[in-house]
Each structure stands twice: as structure tokens, then as C-alpha cells.
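You will see chain A twice below: alongside chain B first, and alongside chain C after that.
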Partner chain A sequence: MAPKVEVHEEPSVLQAVVLTECDIDYGAAITHYNPKVLVPLANTPLLDYTLAWLERCGVDEVIVYCRANPHTDKIKQHCKRFTSRREECGIKVMVVVSEDCLNLGDAMRDLYSKSLLKDDFILLQGDLVATLNLQDIVAKHKENRLSDKSMIMTCVYVNKPLETTAVEGEEGRGKEVTATLVTAADTGKLLLHRRSRNKSSKISIPTELFQASSDLLTYPAAYDPSLAICSEVVPSLFSDNFDYGSRDSLLRGVIEQEELLGYSIRCQVVQEGYACRASTLQQYQRVSGEVMRREAYPMVCESSLTSHRIRYTYDPFTTTYWEPSAKFTKGNGGASEAVVGAGTEVDAGSVIITCNFRGNGGASEAVVGAGTEVDAGAILTASVVGDHCTLADGVIANAAFIMNNVQIKSGCELSHCYIGDDVVLEKGVVVSSGCVVGPGVRLGPDVTIPPGTQLVAQPPHHHAPSTHPHDDFDETARVKEADPSICGSKGKAFILLPEESDQDDDDEEEESSDDGRSSGPDEGDSEDALMMMSDDEHSENEFRREVQESLTNGMRKKSAAENMVLEINASRHAYNVSMEDVLTTVTQGILRAGQTQKQDGSTEPTWPGINTALKCFADVLRNYVRKGRDQLLVLNAIEKLMVDSPEYLPATQKILFNLNQTFEILEGEVIIHWYKKGGAGTTAFTTIKTSIAQFIEWLEKDSEDDDDSDDESS
Partner chain B sequence: MPNKLLDLFHGSPENLQAASVEIKMRPEVQAVVLAAGPGMRMTALTATSPKCLLPLATLPMLAFPLHLLQRAGLEEATVVVAAGEEVRVSKVVEQCGLTINVDSAPVNTSTDPGTADSLRHILHKIKRNVDDVVIVSSDLVTDVKLQDVLDFHRAHGSTLTALTAPLTPPQHQPAPGPRTKPFTSSDVMVTESESGRLVLVVAGGDYDHTLTLPSVRSSKAPLLVSTSLLDAHLYIVKRSILEQCLAKESACQDMGSFKAEILPYIVSRQFQPHNKETGPDEDFESLVSQYNTSVVVSRHHTSASFSAITCYAYKHQGLCVRVNTIPTYWDINRRMYSLIDKVLPGLSEPRRHPSAQIHEKAQVSEDSVVGAGTLVSEKTNITSCVLASHCRVDPMARLSNSVLAHHTAITSGCVVENSLVRASLNHKCVLKNCIVTDSSRIQEGKTYINEILEATPEFV
Partner chain C sequence: MAPPSKQDFINKLRLEKFESEQSKAEESLALLEHIVANASWQTGSELLTLLRNVDIEVSAKLPWETTPRNMVQRALKIVVDEYSSCRGGVSDMNTSGHPSFPQVTMVDPTGGVELPKCDQALPDLRDRVLEALAEYRAELEQSDELIAVQGESKIHNDEVILTFDWCGLVLAFLTRAAKRRHFHVIVAEGAPTYQGHRMAASLSRVGIQTTLIQDCAVFPMMSRVNKVIIGTHTVLSNGGIKTDLGAAALASAAKFYSVPLYVCTPTYKFSRISGEEVNHCGSGSAIIPTNTPLPSSVNVAVSRFDYVPPENVTSFITNNRGIAPSYVYRHLTELYDPAAYHV
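Then we have the complex of A and B:
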């Protein structure tokens, strides 16, 4: 089929940004040698699916965005190869490399600063295999944008019909790939976006959303292919908000601060067409199966996506594809003659079961590359074999993904695994589910690889070789010898341990065989949890630092109280700190400001310094102290400060006296009450108690006098 | 009977005829009309007349649901009425020329019974051999074909089907009387957008900051959470489930309202994984899977479909109004001229009753409804009005956009605009946007605007 080039009359170029550093990868055993987007899926690199689709949809310019690492050149060369076959008017592919890009947000900020994005653009991940009608989606986006200027982004979701996702939705599609959406039924405006963490959890909808729209359309679990049509506002938003890391955080930010930002996001939930990300190995396997079953038509295995020539012979009865140069020995001329018994049935859970083969040398749902020899006694189901491989008699491969130049000797059993380039499997090797056999590994004879093992040819010594690949990897690797108990007597392989133990509780139901594979999404999860935990503390510290800074600056510049309050409140909103914490931080900050301002070297705070600080910020503090409870918080904050820095102790009495008498922020009664209740109950209180006893005594006397005088007057 | 049946097969045509008289089709549906409601949202009108007998144009409100049932071929309806009104209610049928048999069941309204209490009261009247019970409120005016709803109910194997329609604001505004806040329904109905399956029903703002949807794991269909759907208060319920819910020992025994309590309860029962009804099914299922390994579970086979209860909302796109507030009452009365063919098809109720006497010098606009026995004198001007039966409009009166109840006399010289008149105007006066239920407060020559002129309660 010829490339369909859309001739656009409009001057604007349609751009697409393809991120190659996808949020989840396949593990170091694969990605150390090959970037994820160039991992072949049904013998075609993943990136080609994306590029071919974008080309078909009339995209003019593709920006392939990648982080600087040794794979960058490979991606560049690949893109060059892809475009060199196109005419002048064909798709343009530009590879943009950045030094320090950790996530989507960084990429957006970088592209914004490079001002490469001109108009609406398509944002997607490089591992997406899709056939959606992008032109319609973009047209609708532009139309919506004309009618609603505040709309900045259209997120595309796929709501697949029941058949394909109902059952496998549970395990096959990970948590990251589905989202709970609540949209306004009339406009499609996104009102709520939530990652469905727990499948069984019920959906709760804030009823305040009814004010936005009387009819809400709720998608309990829409598949998220990480595809969005963005307006030029999106990159600027990312660069304005450095805390936006992912698209999700942008969604959250825009929805939560709708009144502030005045932006809105719409959703298009597409019912037709295919879209699935090969984000994890599980998904990779799933997408492979679906591509073989031609669900991603017109992107099918037999035609090369780069040149559009027909490269494989396709047999629709057994769903097999083979290169004409592939040999099926013992006269069993090709898989086409394999007799298929009961027809094939596709089971729902990402595992492809192929029924009853009769006769030898069969293949069903298989792709066999050029120059590969498959013995008649080998059985291939739902598998992909690359170029120049040899599969001997009796090899059983079920959902095995075999790359190029692989030798598999007789009696090997492979199921649900990934076999890298140049791997040699001696006789009788059993590779269990979820295994990844890295390039160049030798295994066997007669070993069984336990489920979920990742094997590499060189001993791993870097913690995370995928992220920091070193050139001297090979030299240092030679030191260690392979363990024959793992890889067999002729073998050469090392187990690559997962980067961290990542078994989540809620994954227990998952088959143990899938554990290794699921590491991708799980990792993301636990990392997220860690981030969340440290995030709170982190933001508190940040807030403290910021308040301290503004106070110190304010003291130097003698800023007006209301400006200070404004500044502190801004920080408060930025870090989402509670009012109580603000008061504590401000109180301690004021006292600390007195210290830092005066001293040069030694940190001992002196009373004059504190006094000037107090004078300076009395109004600021007064602004935050509104009720009796706030006064207690101030007192507690002072006490806690003493715990951290006892050098304030001598000044305590004076501080309290001034706050009470001079500034009238603290009431005598409250101080007495606080004193009698034992303060905040920290260790410092006993010492404070002694140091302020005199003041308290005086206060008590004073209040009694007051009472007396009151009595007299009445 | 078996002999008769045999005769039917070998018999002569006469026998056949005789048999067909004897064998009567079993009624599948029984209808219950809930007409004992006090009309709490329109007390200005219901103080003098039971709500179900308030006239819509020239017909009492109750005639509309009864005609709806009759159109669907039902021969009988049980009407729950407030005690003391049963005679007037049963007269409605003959007044309006309906053919449906009405079995009125009085309930004591002194204890302010809810709809569920009313249903409990007439539970014994529901025949054991019917499949479904149609519960309809007396204030429903709709052009839906009940037969369609019944077909939908049966086709989906539904346990409970509720009639819904888009909520439309009244066309004729403002309604007479003092300005009030528009009444908005805050019902929330959650349905699967395509199938119409009811997932959650929350009545009248009975929710908190969040609304928790049950987890519908079986389906990927989007859920439509709607606050703009009108629950028409027409339900088709399986008799078994209704009896279960109204039985003494059921979980709903303390529930007073069908709509606000029992309906949400039944809907929520759909998603309780182990309700009693599934017991035998599951046993059977496990036996099948144990002994018959060739059974392949179909892709439609989900645990949710096992649940004995499935509820649906029938989404009617046409007219559907609940006449339970003054604005809706006003609106439907004003629109009745154009609606009457739609909501009462086939019922011969001409817009100008033949017995009405309209003086040839009276100007009566084309879109006015004039009821039986109404007398319109000369030199009157009547535009877009509804004059119920036996009204009398004296000379020199001017009426526009107004609704007159039965037996209302308008004395000469009165000017009535946009008003609801339920009592005779014996004095010359000007009424604008008023509701009149007691004319003793009207003084000669005065002008009233935006007022409710009703009999003052005794305690004032």
C-alpha cells in the first residue's frame, strides 16, 4: 500500500511530540542494549508503529524527544532510515536530545524553551500502537478550541467494548493504564481524573461537580493510551509550574485550579479504532498478539512499515506470517500446511492459548523472520521469531518473543518470555513465564529458568545500568564467572536482580509467573508512595525555608507587614501547609530572624536582635493570631524552638514579656493557662518553667490585681 | 375445563366461540395509582380540593394516569385515595368517559402515610397471578406509550423499570402567586449510558459531598450521572420483589416513601454480590463447572448478570410532567390546549364543549378551552384561557392567560390576567398574577397583583 500523504491547504503544520523515554521500560536486560522504542514488536520496532500511524494521520512533523544516552544515536539513525524512504512531502522527523530530562514535564519545558512547538500538537509516548483516526480527533479539538478558548488540551481515551477488555482488564491492563474519568456529558470537559489504584474500589464523585454540569458521564475505567492533543498553552503551563512532572499532574493542576488558571481540559473517549501502549512486557505480549491478529489493521505484520513493501507471506487460516526465505525443514513446507484442529481461541487474560495442534511442525499466530529455520517438529504459538534464527526439533514456544540470530536446540520449552539477540539455548532448556534472556546469553543444556528471571550475558555491577550505561561495562564484567547451576554447564549468564523488591500487596492474586514482568508498573507504584511520603515532609521543609528567607529579607528591607503576610501566604498556598503549621513556622522564623541578622559566625541569639525582629514582625504575627488557641500555638512553637536550640532559653522570659505586654499578642491568662497545663509537654518545658517562673508569678499577681480593681470598680 | 379445551380442538365453531368466552387471558400486569398525596408543594390549591381531583383544563388530574393505563389495554386499576374521597374519585371514570374499572382503596391520611405505606395498605389487592405491578402517581401527565415501557421492561428482563424523561422548565412563566424560588429536582440518577440500566438512585438531594457509585465491574460502559432527569414516578416492578420489599419482615419495613427509600434500596440490591436469589444459581453453576467441563463461560457471562435484580430506566424523550407544584400545574393547564391530543389521544374531549354557551358577541380566542355548561356572555374578551365546566363569565369581563376552575363565576367588569381562579369573583376587581381560592377577601374595585387570595386559616 502506498503511503497516504494528506495534502493540507492550511499553512499550519501539524506537529507531534513522541517521547521515547517512556515512563515505564522493560527492564535493564533489554533496555541496556536497545532503547525501548526500538524493541521490535512482531519484527518491527515500536517507534515505527508510532511514526507510521502519525504519517497516515497526516502529521507533518514529528519531534522524537529523547534523553541523551548511548541509545540516542540508534534512535537518530533509525529515524533517518525511516524518513530517507519518504519523498520531500513526506513526514519530517526531528530528533531532539536533551541532557537532563527526567519526565514528560521536563520534556515540555525543554521544548518550550527551544520554542519548537508552534501550534496545537499531538503528545504521545513512543510505545503506542494505534490506529485511531487522529484527524477527526484533532479536527474536533480545533473546533472545541474555537468555541471555548479556555480549552487547552484534549485527552484521548479508549473505551473498548466489553469483549476485549472485560476479563483481562483486571490484570492485563495495569493500574497506570486505566483512569476513572468524570466528564460533563454535553461538552466532554474533564471534571475529574483519577488513576484507578484499586480495581474493586467504588467510584466516588464529588457532588459539587453537579454545579458544573447537570449530567456527568463517568467512565469507570477508560484505557489511557497517554495520547493528548495539546495547545501551545500546555508547554507554557509546564514551564510556569515546575512541579508538574507528568501529564497527570498537569491534569490535576488544571482541574483543581480551574478558577485560578481559567483553563479546562476535554476528553474524547474513542470507541473505534485500536490503541494500546506496549508499556510493560505484559502489554508488549498483549499488543504483539493483537497485531498478529490484525487488530491494528492496516498496520499488519506482513507489510513493512518503513517501506510499505510486503515482506512476509501471510496465512489467514493459521494467522501465521513468514519471510519467504524462512525454512520449515523436513519438507513440511511452511506453517501453512500445519493442520489446525479446533481452531484458535483467544483467551482473555493476556495469555494466548492456542488449541490442539495435530501433526508436527505447526505454527499458529506466529511471525517468522528472514532466513530463520524452523524444524517441522517445533511448535510455535503466539510467538515471534526474528531473522536468522534456528529452532530445532521439539522446540515448543508459546508466546515467546525471539529476536535475531537466536539458536534454540531441541527440546527447549519457552513460554511467555523474551529472548534477546544472539542467544544460544542448548538442549532441554526450559524458560518459564516472565523471563527475559538478554542478548548474547548462553543457556543449557537441561536447565530450567525459574519464572520471572532476568538474565544478562555480563555480570551486572551497576545498580541501574539502564539509566547510567557505562562504556567500560564489558571490561569490568569479565571478572566474574557464570554460575553453572543457573545457566547450565555450557552456559554463560548472570541473573539481573530487580532494582528493588517491588511486590505490592494488591498484586498477590497475580500469577507468580508474572511477578518479574509486572515489575514495571509496581515499581512506579511504590515509588509513587515513597514520593508521596517524602513529599509532605519535603514541602514542609521547603515552606519553612521559604518563610525564613522572606522574614530575613523582610527584616533587612524593613518590609511592611502586609507585604510579609502576602509573601508568607503565597508560600503557604504553594506548599499547601495548614494554618497551624504556618503559625508555628512564622513564630519560630521571627525568633530565628533575630538571630541570623545580628550574629556573624556564632549562632547565639541575643536579646536585642530578637527584640528588633519581634518589633519588626509584631504585626505579621498578630495577623496570624486570632483566637486563644492560636496564642497557645505560639507558645508551643516557642517551646519547640527551645528543644531545637536551647540557646534561646535565656531570652524566653523577655520574649514572653514583650509578646504579652508590649505587643499584646499573648494574653496573660493564656500564658498562665499554658504554663499550668505543662506547656507542649516537650523536654524543654522543665527548663523553660524555671526560667519564666518569675514572669508567671508577676503575671498572676497582675491579673489578681486586675480582678481586684475590677471588683472595686463594680 | 380440560373438556372444554378438548372441545376447542375438535369442536364446532359454536363450541370454539363458547370456549373463547370462557378462556380469558391472564392479566400480566396490575396497575396501582397512588392518588392519596396531599399535594404538599401546592397547598394553596389543595386546601380546597384533593390533589388528584384538581382540574387540568376540564379534566381531573387523575384522569390522565387512568387514561394512560387504559391506552395500554389495562382493564382495571387500583387507586389509592385519601379516605373520604373514594366516591368522588370513582366518579372520575364516568365523568371523563373512561372505560377502565377503578377499584378505589381508601387510606387514612390523618397519619400522613408515605407512598410505601399506601402500597403496603393495598398489598392484599395485588393478585397472585400477575407478573408485574405498574405503580403510577396520580399527577403524571405524559404522552408515553405505556405499552412501550412494558415491552422494554420485559425485553430487558427488568426487575424494576422507572420512566424518566429530560427535565424541562415550565414554558409559561411566571406562575401566578407571589414570586417563589423555582423548585428544582435534585434527584440523581446514575444509568449506564447505552443500556439505560439503573445503577444508583438518590432522591431529593440525599447525598453528601461525594456520591459513591457501586463498582460495576462487569461493564466498561460509561455511566451517566444525571441531575437533569425527571423521575416520572411511573414504575413497573416485578410483583415478587414488590411483595418482598413490602412484607413485614423485610429490610424496608420502616421505609415510608417508595421513591426515596424503596427504589434506591432495590437498585442498590443489584450490586450486592450475594443476595438470596443467587443461591440456587450459584449452586447450579458450580455443579455445571464441576461435571461438565465442556461448558465454556460465555463472554457475556459476568457475575453481575447473575444477580436476580436488574433495574432499568426507560428514557422517554417526549412530554412527561409531574404536576406537583403550582408552576407545573399552571404550565400544564396553559399548555393543555395544544397537548390534549397528545396526552389523551382518543378521548373525545373537544376544546369547546358542545354544551358550552358562548354568546356570539363574545370574543373567545381560538386557543382557549371551554368546558361543559360554561356560559360566556356578550362583550367579554377571553384570550388563551382555560374555562372549566359550568363557569359563568358575565358581560364586560376580560380574561387573558388565565385558568378558571369548575363552577367559577366572573362578575361583570372583572379583569383577570395570568391568574388562577378557583372561586367565583363576585366583585368587580383586577387580578394580575394571582391565585384565588376564596373570594371573600376580594373587595370591590381593588387591584391585586402577585397575591394568593385564600381562606385564612382559623388560627390566624
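Then we have the complex of A and C:
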């Protein structure tokens, strides 16, 4: 046992890597002005929760990793403020800025090349609010490392109560935050990791897992706080495999190539403690409520996480918090009378405030910042009000997140929305759920903002690029003049249109980490305004766009087939797309290339165009079609293309004929088989069926003839 | 060991790294000694300000932690006393505007915000203060023992003692008594931390006949109890105590059956804060088992401390002597400087 003790006694520095460029953000209306990790949650920046937790867990050094953009200085200053309070004995926070970091994988590669990581470290996202006992988790990780050298990473999951996953699972939990896990019951080794995105209640587990291990432990939907304890091997593994973009791709890579790499991953599913990421705005709202309900104890609203001072007065009966200098005025617009002065009179005043809150008929779960005036007639539920705001009589705020210096005049109704700094809402403004009102916006009087709208104060194209987080912002947001019908007669606001999937790629994919696991290619493109695209779809769309581009270029330049294949393979590795999706994309891309060449304004694809494209890329396609199954995929891809763009229908028969006869990529038998099985089962199949019936008939006859002739010859 | 620093101490306090109030008291005294010995100060006033800063910082960040604040106040008193004796006895103190004892009780409680003026630079003040603090440290370290030895005289044979939650001092008290006496102890479990379980285990290990009961079952048990002996977190200035949750119910049950309630407490737990201040609130997760489906509309309020009013406390067993709740104020004037009350 003696050597073991020695290992433990080594003065080791426990490091943590906090990624601030979180894979999903809150939309440009918020993140344009403030980095996501500095968005206040219950009047405390998100990053503080992460840092405070790490400090509490005895982490010595934190590396805050961010991409170079205008917000970097803000993050640096914030971290400086955080640590300067702690003098020498607190945690050390180091901000590492990278120019070209696109995802977690890049961050790991960069840190590896800078050799900043010495030993086991904790890898997490900057939007995590957690109270898990990290020390136990790390200790267990180290113990496992000692007994099993091949173990390189411990993923931490939280088994949440059923209620939260069931009720809010559809929209709140989101698909990217839960994972289906299969682990070996005895060691906790991770055998299967899958993002649970389909709503079906079935899980498929490969049978070979049962052969390898007798006891399997399955977690159908473990909440994934994106938290992992990594050994020093992990960054080097990322460095060796440049196509690993995210933690998911690493997981998959290590699990699939276990024999090759000789590494394994364990997971710990934690039952005790709290952990939740404020990844989307819905999640933000949820975490905010849970923090107010003190689930993240000892990180509670009333004590500041930076200075640890008690900043708010807390009333446990209504779950309300208020800064002693906040005023709760009485009377409707009459003589406004300060109920609470600063300092000594808090005790006396608090009773009255409590009465006020109760008198309002249900103010519960509210946080009110310093210098804010709330009229007695205002009703706050599950809301956060920042510093120096004014809420007039009759304001109803339900799950509203109001930042600093906001003026809200009487009769406004806010629900499930985010109101940025310095916003002015005139009388009678109704902000519906899912809205984001950017800083400096004026609205009203008497306007209703439809659900899911994002408003900004300046028309997006007026921004100087230097103050801009994304250089191509202009393209992504369409500009409109300040329209009085939208923002009211005194208003000043511009609608930031929800970005469409194809256009936002440039903007968003840099932050997205691609995990490359592909689902159906036709997954919904237009989602709820607040729901950002999931990683997969980003990468898939991006991949599709890139392939399409290379095909179109290749056609124009008449590139050789080998070069095209090389180009497509490069894209494939970059986005980590499966072979099947490559085939689908390439097939559709070739057909579309024919269309684009002929298009010139009109979108109608013509047979000559398609034919040239097919001729051009027959070799490319042949390269990808190797088995009978691949041919089926090509057929399915064509069918799916018809679903999206029915204008190809007339050409279908000719396409199939040429692929079969001229290029000999598709075998007649396969086409018949596919036809009889009912294709891919999409809606377009019935129409395709009629249009290619003639061809099939001919094929059948042909094959019979072949058979006959074969028979005769044999 | 690294020299104690204020920041370090507060961090330890904040992260709840201290095992007991005793270790908090010892560590804060070490910090104060370090400040007196190593900080750069010339006059008594400067020293007082330095010491008071510790108190201010603790009270802003962790207002429920009374022990370190009491230690600071004690140190302030020691500095003021040493300063005046340095300058030549009690008569000088009176001239410098500090009331001697009979006047202390007349001091307007809101008036004493200012620290006493100790403007002269006295070269041997540092040594004398350090000496007095060392004396105080010795007193501090002995306090547990001094309380424990009183066990035999307070407990008689065949008595039934009721205690509550975990308290090292009460355990030592009962253990010492068990050497000579034979008695029965009933332990209330102390939800939601259930430290009473640990208490019961420790008691039975030293051979005391032990019964464990639920907190809410103290009332039916009380009729057969002879004495209630509990520990506390803080003794408040009005003679009440602020202690673990459940003690108030226990104390009123004792009052109902006229069972005497003794509180074992070292003198450093005597605080000048009054009852209605600060109830530190905990988290709902402390009382709700994990994975309980409870809708978020249910408001869960958890408090950490209970308040027992002075009329329900019979007597305090301290390292000095037994003190009745109504005499706590007198004891406070002896312990702390009246001017330092309102820091």
C-alpha cells in the first residue's frame, strides 16, 4: 500500500478547463452585447456560478478558454475581478484566448500544444450551475485510473427525478442534453453512448455488448451536464485525431475503436447534488427558477458569489429576494413613498415588503436588484429584476428576466421573456413568451410583441464590424426600418429575424461543435425561434453545403473524379459525417448541380443539365457505391430529393435509366427490389411509382430475358 | 504551517471546513494573535481598527457565524484594558472618557459606535496584548474540560437525561458523569442532519444506557425526564439561545413539565446579538429526499437555526460558573468592551 500513499501525497494541482464559447448560445440579440457566460442569472453572471463551484470543490487552477472576439476583454476583466477579491488563497483563473478555436476539439488541441494541462483535469462548459461533490468524483476517477491504466476519462451524468425530465422533457430538456448510456455494471465502463433524440420509448442495444459483459446498467435518459474528468491522454487524443470535434465524437471514437486505441471511458451517474446547464433560453429560465428555489444551495441569490457578502434580504415564505436599497412604492402614481431605506431600517421595512408581496396576490420567486423601484401594484412571478429598474403600477411579469436600468411603465405584461439593459417599455406593452428584447430598445405604447421575436435597438447593418462578434452578421439578419406597427409610436426597435438553418451556418457553426452523429437527413430545419439548431444538424447542413459547392465548382472546372472524391472526403472528415450520409448528399448534390448550372433565375431542372452533371460525376458516384446496399441508398436519396423538390419528377425515369444502363452504377435487380419494397416510404414514392412504372416494366422484362438467356446458355 | 490570513480564515469558515465551534474559536484567536504580532500598527486605535475589520468582514459575509465575532470583541476588550493599564491604571481610564463599571449599564446602546480612543503609541502594548491573548488562549483551551468536570455534580444516580443532536461538549459532560453515576440518556435525533444518531452511538460506546427518539417525540418522553442538557450554537444577549433546529419544541416541552433545561456552553459563545437577527436559510434539498417528484409550485422553506427564549432556559453551564439567563447581560459587560458593542 505504501506506493499508493505516496501517489496521493504528491502536491498535485487540480485544474479545470471552462469553455466559454458554449456550443449553443442565446441568439444574437443577447450575445451580441454580452458574452453568454456573462449573462446574469438571478443577477449573478453565469460564469460566477461555475467558478464559485469549482472553488468550493477545491480546484486550484481554472483555465477559462475563449475564442478571440470583442467579448474576450470583458471575460478577462470579469475573471480578474473575481480573483482579485480572493487575494492569494483563492483559485487562480487564467484566461486563454485562441484565434481559431471552433469547437471543443480545437480547444483541446490548442491547450495540448500550449501544454497547459499537467495532470487530470475537469472539463466543463461555462454555463453550468452545479453543486455536485466534485472532490468525490475526482477521487473516484483517480482511484479508477490507478487500477485501470486504460481509463482516460470519467463522464459525469446526473440522474434527475422523473418529473423534471418527463414534464419539461419535450422542450425544456432539449435533445442535446440527455444521453442514453449503457455501462458495465461492475466497473462503470461506458459501452454505448447515444444522444437520445427520438421520442420513442425503445432503445436498441447491440447484442455484442451482452456477449462481452454479463451485467449491463442502462440509463435511458441521463442528464448530461457536459462535465468530464479527463486524464492528460485526452488532449493528446484530440490532437492525434483532428476530426474529433466534440466530446461526443471522442466518446464514439474511443468506444468504437477500443481494441485499436486501448482506451476506455467510465461514467459516473451522480444521484446527489444539483447540476444543470443554462444552455438555451428555456434552460436559462429553468435554472433561474431552481436557483431562486435554492436548489443550488449553498450558491443562493442572497449572497454574492464574488464578494460573499449578503447582498439581498430573503423571505422564505414567498421565495423573494431584494436588495435593501430597492424601493417598493405604494399608491398608483401618487406620492411615491419609500418603504425601505438603506442600511439599518431593513429589518423594520422587510415586514412591509412581505405584506406588499402578498398583497399583490402572488408575487413569488422574485429577485429584485439594488435601487430598483417596484410599485405595489406590480406583480412579479418567477422573475428577476436587475439594478436601478422602475416597474410601474399594474406591471405583470411572469418568468421575465429584466436586466439593469430598465423602465417599465404601467400596464405592461411580460411573460417568459428576456429584457436587456436600458430598455424602456411604454404603457401597455405586451411582450409574449420567448421574446428577447435587446439592450436599449424602446417599445410602446400599446403594442404586442408576438412570441419568439428578437428585437435589437439598432438596425443590424449599422454596426461597425469591429464591435461585432460575428463578421457576417449583416448577411444573417435581415434589416427593416423601425416600424411603428411593430414597436409602437415612441418605439425604436428592429426585428432580428430568426436565422434560417442554411444561412446561419456561417454564423453559428463556429460555435457549434459537431458531434457528427447523423440522424435522418430531413430533420426539421425551421425550429422554434429560441431553439437553436442542434449540433448534428449544423454539421450536416454545413457538410451538405460544402459538398454542393465542390460539386458545382467541379462541374464548372471539369475537375477529375479523383480530385472531387478527395475534396468530398476532406469535408467528410471535417464534419465527421457517416458514409451513408455522404452517399445521400453526393447523390442529391450531383442532381442539384445539374439544376444549378441550367438555372439562371429559373429553378426548373432540365434533363440536359442533369445529364451533363451525371456524366461529369459518374466516376465520383461510382467511387462511393460499392455494395448493393449503397445502391439502395442512392435510390432512397433520389426519392428524398423528390420530396423536397418535386420538379425533378419528370426526369426521374431518365435518371434511373442512365444510372442503370449508361453508367452501370445501379443494377436492374436492385432497382426492381427497391421498387417492390416501396422505396424509402416517403410521400413522393407514389408519384415516383407512376412515373417510373414504364421503366420498371422494361427492366423486369429485361431481367427475365437475361434469366432466360442465362438458362439457355447454362 | 502557513501564517493565518484573514482571507484564508473566512474561506474556511465559508466552506464549512471547521469541525466545531471550538476550532473556529481557536483559529480566529490564532488569526487575531497573528494580526497583533505581525501587522504594522503604532497606536492602540490602529490595532483596534485592524481587529474590528475582521469582525466587519465576517458579519457582512457570514452573519450567522457568531463565534469569530465574539473572539474579536473579546480581543478588543483585552486591547483596551491593556492600553489603559499601560498608561497607568484605572484612574487614567476614567479620565480618558471610559466609564468604569457602574456607568457601563447606563451607556446608551446606540451611542457606542465609536471605538475607544487609544491614540498614544505605547511601545510595550504589543507584548502586553500578546501576553493577555496567550492567557486567554489557555482559558479557551481549558474551557471544554472545565465544563466536563462539572458533570458529576450536576447528574445524580438513576436520572433520566434528555439531550438533542450532536454536541461534543455535552458528550464529554455526560461521559465524565458516567464514571461515577449510573443514568439513562434519551437522544432526539436532530433532523434533518440526524447527528443525534452519531451522538447515541458515541454515548452507548462509553457504556451509557441510550435511547434514540424522533425530534417530534420529545413531548411524550418529557414526563419521565429529570433533566434536559443540550449544547448551543450561540448564547444571545437576552439570555436566549440560537441552536439547532428542534430545540425550541424540546425546550417548551421541558417548560411544560417543569423539567430543568441546562445549556452547556463555553463563554466564547456568549454573543451580544439579539434574538430576532439572522436566521440563516438552507436549501429544500436538505429535507426532501433526492428523486422525490415534488412540483416546483410547492415552496420549500428550510431554516438552519432555532431560537429558545430565555424563559425556557434554566441555567447555562459555563467554564466560569453557572449563569442564569437573566444574568447574561452582566456577563457580557465583563467579557466585552461596552464601546465595542456596536461594531
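Heads up, the rule we're going with is that the second predicted complex is superposed on the first by the 436 of 714 C-alpha atoms of A that agree within 3 Å, B and C clash if a C-alpha of one lies under 4 Å from a C-alpha of the other, contacts with A are read in each partner's own complex, and residues count from 1 in each chain.
Here is the rule we go by: a contact is a pair of C-beta atoms (placed from the backbone, for glycine too) under 8 Å apart; a residue touches a chain by one contact, two chains touch by 3 or more.
Nothing here was measured: the structure is a model prediction, and the numbers come from that model.
Kindly say whether there is room for both chain B and chain C on chain A in the superposition, answering fit or clash.
fit
Which partner does A:S303 reach: the first (chain B), the second (chain C), both, or neither?
A:S303 contacts chain C only, not chain B.
For A:N159, using the defined touch cut-off, is the partner it touches chain B, chain C, both, or neither? Pick first, second, both or neither.
In the superposed model, A:N159 contacts both chain B and chain C.
Mind working out whether A:S364 is in touch with chain B, chain C, both or neither, as first, second, both or neither?
In the superposed model, A:S364 contacts chain C only, not chain B.
Now for A:E272: first (chain B), second (chain C), both, or neither, which partner does it touch?
A:E272: touches chain C, not chain B.
Please indicate which partner A:F210 is in contact with in the superposed arrangement: first for chain B, second for chain C, both, or neither.
first
For A:R294, decide between first (touching chain B), second (touching chain C), both and neither.
It touches chain C, and chain B stays clear.
Per the contact definition in the header, classify A:Y314: touching chain B only (first), chain C only (second), both, or neither.
Second partner only.
Does chain B (first) or chain C (second) touch A:T218, or do both, or does neither?
The answer is first: A:T218 touches chain B but not chain C.
If you take every C-alpha pair with one atom in chain B and one in chain C, what is the shortest distance in Å after superposing?
Scanning every C-alpha pair, the shortest chain B to chain C distance is 6 Å.
Name the residues of chain A shared by its contacts with chain B and its contacts with chain C.
The overlap between the chain B and chain C interfaces on chain A comprises residues 159-163.
Under the stated contact criterion, what part of chain B meets chain A in this complex?
188, 190, 193, 207-228, 299-300, 302
Flag every residue of chain A that touches chain C in the complex, lowest number first.
Those residues of chain A that touch chain C are 56, 86-90, 159-163, 271-272, 274, 289-290, 293-298, 300, 303, 307-310, 314, 316-319, 347, 364.
Which part of chain A faces chain B closely enough to touch in the complex?
Listed in rising order, the residues of chain A that touch chain B are 159-163, 165-167, 169, 182, 185, 199-208, 210, 214-222, 269, 348.
Which part of chain C faces chain A closely enough to touch in the complex?
5, 7-8, 10-11, 14-15, 60-63, 276-277, 281-286, 290-296, 299-303
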